[in-house]
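The following pair of complexes shares a single chain, chain A, combined with chain B in the former and chain C in the latter.
Let's look at the complex of A and B:
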């Protein structure tokens, strides 16, 4: 077949017509790199502010010191020294095991109680908040209007040995008197953690619970389940993801938390993993490498709840 | 008159062409240079020469440490290398400059060190604070801080001078050094001939105790067979503070057991001191009182706490109400034979100081009798002044108190233990000095047992 000879102008017109027809049929056409390129700012951000610094931390953890005991990061893995990492790990199974154990207990207790407190609050707002939902949410966020430091320092006055809490307890017969709240009292730290982190849990829980359709609950009741049974068979399983997300949101910062202890306790009997990091600063020869090693250890610890969360969300998605 | 340091500054900044050219060279040079250097040699494996005389002579020479360690009986003379000479004499202080002071928190009376100095020298003074000496050292080394005046502790001088972070002091700008301070500081053991530093304050580390509420009278405390036991006394459970300065805390444990060499290298003594601190934590649930002893104590949160003499003396301004009955609550104890933990702090000029002449003027200014004593009246840390009559400190009202008519003497009459004499530093007192790294590790290990709250 002989192709009709077209002038260049006609050729261009024909190409435009073809493109127009294609757009009509398949929607707009974009080059292959177009959509992924939207991730460029995020990727760059991650690279510059996370991946590269993380490598510097690793290089420092496995690095060495100069004659003046200044840290030297080592960027070539074949020169890495495990000296400081092994010191940190040895301490973790040695004296510091108390600190790790303590931290785990604090975090588990605090997050379980956080779930209990925030679930009831979020449940109440979604089911019974009615028109005042916005108001309740504003109330929930209101503590954030006061700086975290101020809120914690305010506790100091309440918990002091001659503070208001002890004074009030003093009026109540049979109540414990002269409680040493701030010196080695585990309860204070757990309460401090809950107080500090509970709002972070309520908000995601509320977001999830709000999306549960009331028709599902009505269906449960129509099929003869009691309110309690509906809650346990319908509402709770549907909010499992929310609880997990909330736990991840509160436990991750708790692993690095050192100021709750510093502001409310300051006795070594209640120090947490975050305090180990704080104390490792200026701990003599190779202290910077030990700080970096501890950072990595804490990161790995934090990956555990994160990994479980990702695993269970993945499973959920597949089941859908 | 142009300052000699202005020579290298170009007049109108760089031209655009120069800027681009230099930026290009710089951009190309920095990564490749460092990459090549880093890839070729094993990092940290620099020459390990043991010749410390280039940094300083005398002192206690330890293999692997590139500078001598100063000891009370082994003084060190720091070298003044050719590439780190003091500034020339006879220069005028920089005018209209901002003097950058790098110091601990609450360690300078701003009415004196800032306002009065600003007026006298027509400049601005800006104070940046640090929390720990380690933090200060690393920021100085990375040049994150470009200070004109720095307040180091005397046990860091080897590191500072060895790495050329300080410049020698030109004594012609600091005539007050020879005039106003104790003879000891004309030629201190940690810096013979006062080549790099001038003294700032002297202090001891003892115990701050509540005199009235706890039934501890001054005479009781002083008559105890071992007053250090107060810190270990379970009677004061929850009311005990200890400094989380590892050397000071361990020194208290060492002194309690009669070990007076606070730089001991005996592993058994160090380990025992660590165990004793763990026992202290168990018995009293002691709190970390560093930087807060002078605040916690006045508010009643502590009954017995380890304390620097300066914190004990200066604590009065932190009481919620200014009454004599409040102030008389705090007593200070230091071993009666004066064998205990004493020290002195100094002032130095970083090598990269932008206003070195003004910095010298600041050193001289702080050594002035009036300024120094006025600063003492607020800071609570005693300057080693000849003019300060130690016998009248308890009856003379300081400048700060007099301004507001509080009627508070430099030192309360019941706190005479907090007054440091020249004898304390030269004869009876024991100074914590820098340790060889492997010994320092033993101290840190002992301390970390306490910090982890073992068994408590």
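Let's look at the complex of A and C:
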């Protein structure tokens, strides 16, 4: 059979007709602009008030100063100068190196402990919560509605030198007495970070563990594994991704955290990178450029966990 | 009595250790907060321990100094109004934007859609201080119709930070609803717009109202973006608390954070009642559906 030769134009028309018919068959037909128009206001908003400000940060970080040493943003990359950026980076391996190191140690310790705590809690509630599940969930959600300020202030009161924690420790023989919690105690800040961020990990982990099918666990037990073995061979490997995602969710805000330290300790011995940024604002001549450079440094440090987060959420969406 | 080894090997034993740790966690996460509320009713001077009971840090001691207690301190009055104004406005701007965004991301495929999704996710995970500082620099160096910082920049910044929350909550709900209901409506002859407004939107109510509550609570508590973009006189209560905490702690701040919690709770109840009213006569409409949205 000889096929009729179509001009490219006719071909395109036919293709369009076919596509339209197909869409009709599948239920709805929407004009092409229909769904994008829903996203336009939000996208424009974020472009103007999120992307452009971030570019301003870059332009200031690589910008110059005028005669009165006021920072001026420079928008053309070919005119950029690395003056402020190199100052900040020099400080990072010089005077401020302990701040950076400390921040990393805090973040790693806090997020590892967060995993331990939240996995235990989420596992217990999914597997053994049964009828009280709604009650447990309400308790897990409640920290989201209690302000961070309030939760930190509570510890501020408890950890005061004449506070209840020291009083309780006083009753226990062999326990340390009159601990100075609020003057440069590393433990306070790590515990504060855990206390602040653990709810953000418990809830997603709970959501994930809840979706694991019990038939898989039963299969494990039917094949003769003990419950401990089933946990280590079935549940834990299945939840690896959720754990990693949870770690990223608590790690990212910690990179910019300055308030935990400010609310709990306020000693230079426990300050974090976020404090460098917060303190740099309004710190005399050229402060805006220093602020911008520090912002950029924090963004660069966050790049790896952030990329992982974006990658894993995309993957999860595709799998569903 | 059994020996410890046979106890450990018993597959039907109750998970007491797990239960114990869970209860310790729950106690640890909530008892300090209860304690902080109690301290606001102390009669003593110290915020480290409870000494007697009084309302002096809420309503002032009779014949005492009006400063140092929450409701009589004139500097805090405008802060309380500012808190409520900012959170209500931000809520009504960010949630509609976010809901539309979420519906679009659920339906729209292709490269631009992936780009919009990327943008939204980045704005979700970037620490708040970065957004606050970036907008501070933006408003003071570039976008200068509001040469002075203040309420408008604060709302703009809060919306930029909060917009991703409704997107994520609503999108999760959209994934669990699936396209079937809408398709059924259109098979029965509903035009797309009616299917969206009369089928999909009511199905999304739990998520939408949960986002309202979430954004409201978050803005009431916010002291990062708001503080960076505030000018004299546009500080909210949480910013005032944050800045005063650097000094000596006083039970007055306990009263102030308790008030913050109260505002959040009252706001949540109002939003929940609105949800009940609007979804009346439909299936669901219960508190569990609402909480499920969060």
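Here are a few things to note about the model shown:
Operating definition for what follows: the second predicted complex is superposed on the first by the 258 of 320 C-alpha atoms of A that agree within 3 Å, B and C clash if a C-alpha of one lies under 4 Å from a C-alpha of the other, contacts with A are read in each partner's own complex, and residues count from 1 in each chain.
We adopt the following convention: contacts are C-beta pairs under 8 Å (C-beta built on N, C-alpha and C of every residue); 3 or more make two chains touch, one makes a residue touch a chain.
Being a predicted model, the structure only gives us computed values, none of them experimental.
Using the contact criterion defined above for the overlaid structures, shared-chain residue A:34 touches chain C, although it does not reach chain B. Greater residue coverage of chain A by touch, when chain B is weighed against chain C, goes to C.
In the superposed model, A:91 makes contact with chain B only, not with chain C. Of the two partner chains, chain B is the only one that A:180 touches; chain C does not reach it.
Once the two complexes are laid over each other on the shared chain, residue contacts for A:80 go to neither chain B nor chain C. Contacts of A:54 after superposition: chain C is touched, whereas chain B is not reached. When the two structures are aligned on the shared chain, A:282 is found in touch with chain B, with no touch to chain C. By the touch criterion stated above, A:160 is placed in contact with chain B and with chain C alike.
With both structures placed on the common chain, the touch criterion links A:274 to chain C but leaves chain B unconnected. By the touch criterion defined above, A:231 lies against neither chain B nor chain C after alignment on the C-alpha atoms of chain A.
Annotation: chain A residues 73, 160-162, 266, 281, 288 touch chain B in one complex and chain C in the other.
Every residue of chain B that touches chain A in the complex is listed here, in rising order: 38-39, 42-44, 46, 48, 64-66, 132-135, 138, 141, 159, 162-163, 237-239, 281, 285-289, 292, 299-301, 437-438, 440-441, 443-444, 448-456. In the complex of the two chains, the chain A residues touching chain C come out as 27-30, 34-39, 41-43, 45-47, 49-54, 56-57, 60, 71, 73, 117, 120-121, 123-125, 127-128, 134, 136-139, 141-151, 153-158, 160-164, 167, 195, 198-199, 221, 226-227, 248-249, 252-253, 255-259, 262-263, 266, 274, 277-278, 281, 288, 291-292, 295, 298-299, 302, 306, 309-310, 313-314, 320. Within the complex, the chain C residues that touch chain A are 9, 11, 15, 18-19, 21-22, 25-26, 28-30, 32-33, 35-36, 39, 46-49, 97-98, 100-101, 103-105, 107-108, 112-113, 116-123, 125-131, 133-138, 140-142, 156-157, 159-160, 163, 167, 175, 179, 182-183, 186-187, 192, 195, 213-214, 217, 220-221, 223-224, 228, 238, 241-242, 245-246, 249, 253-254, 257-258, 260-261, 264-265, 268, 288, 291, 294. Those residues of chain A whose C-beta lies close enough to touch chain B in the complex are 63-70, 72-76, 79, 91, 95-96, 98-99, 102, 160-162, 180, 182-184, 265-271, 275-276, 279, 281-285, 287-288.
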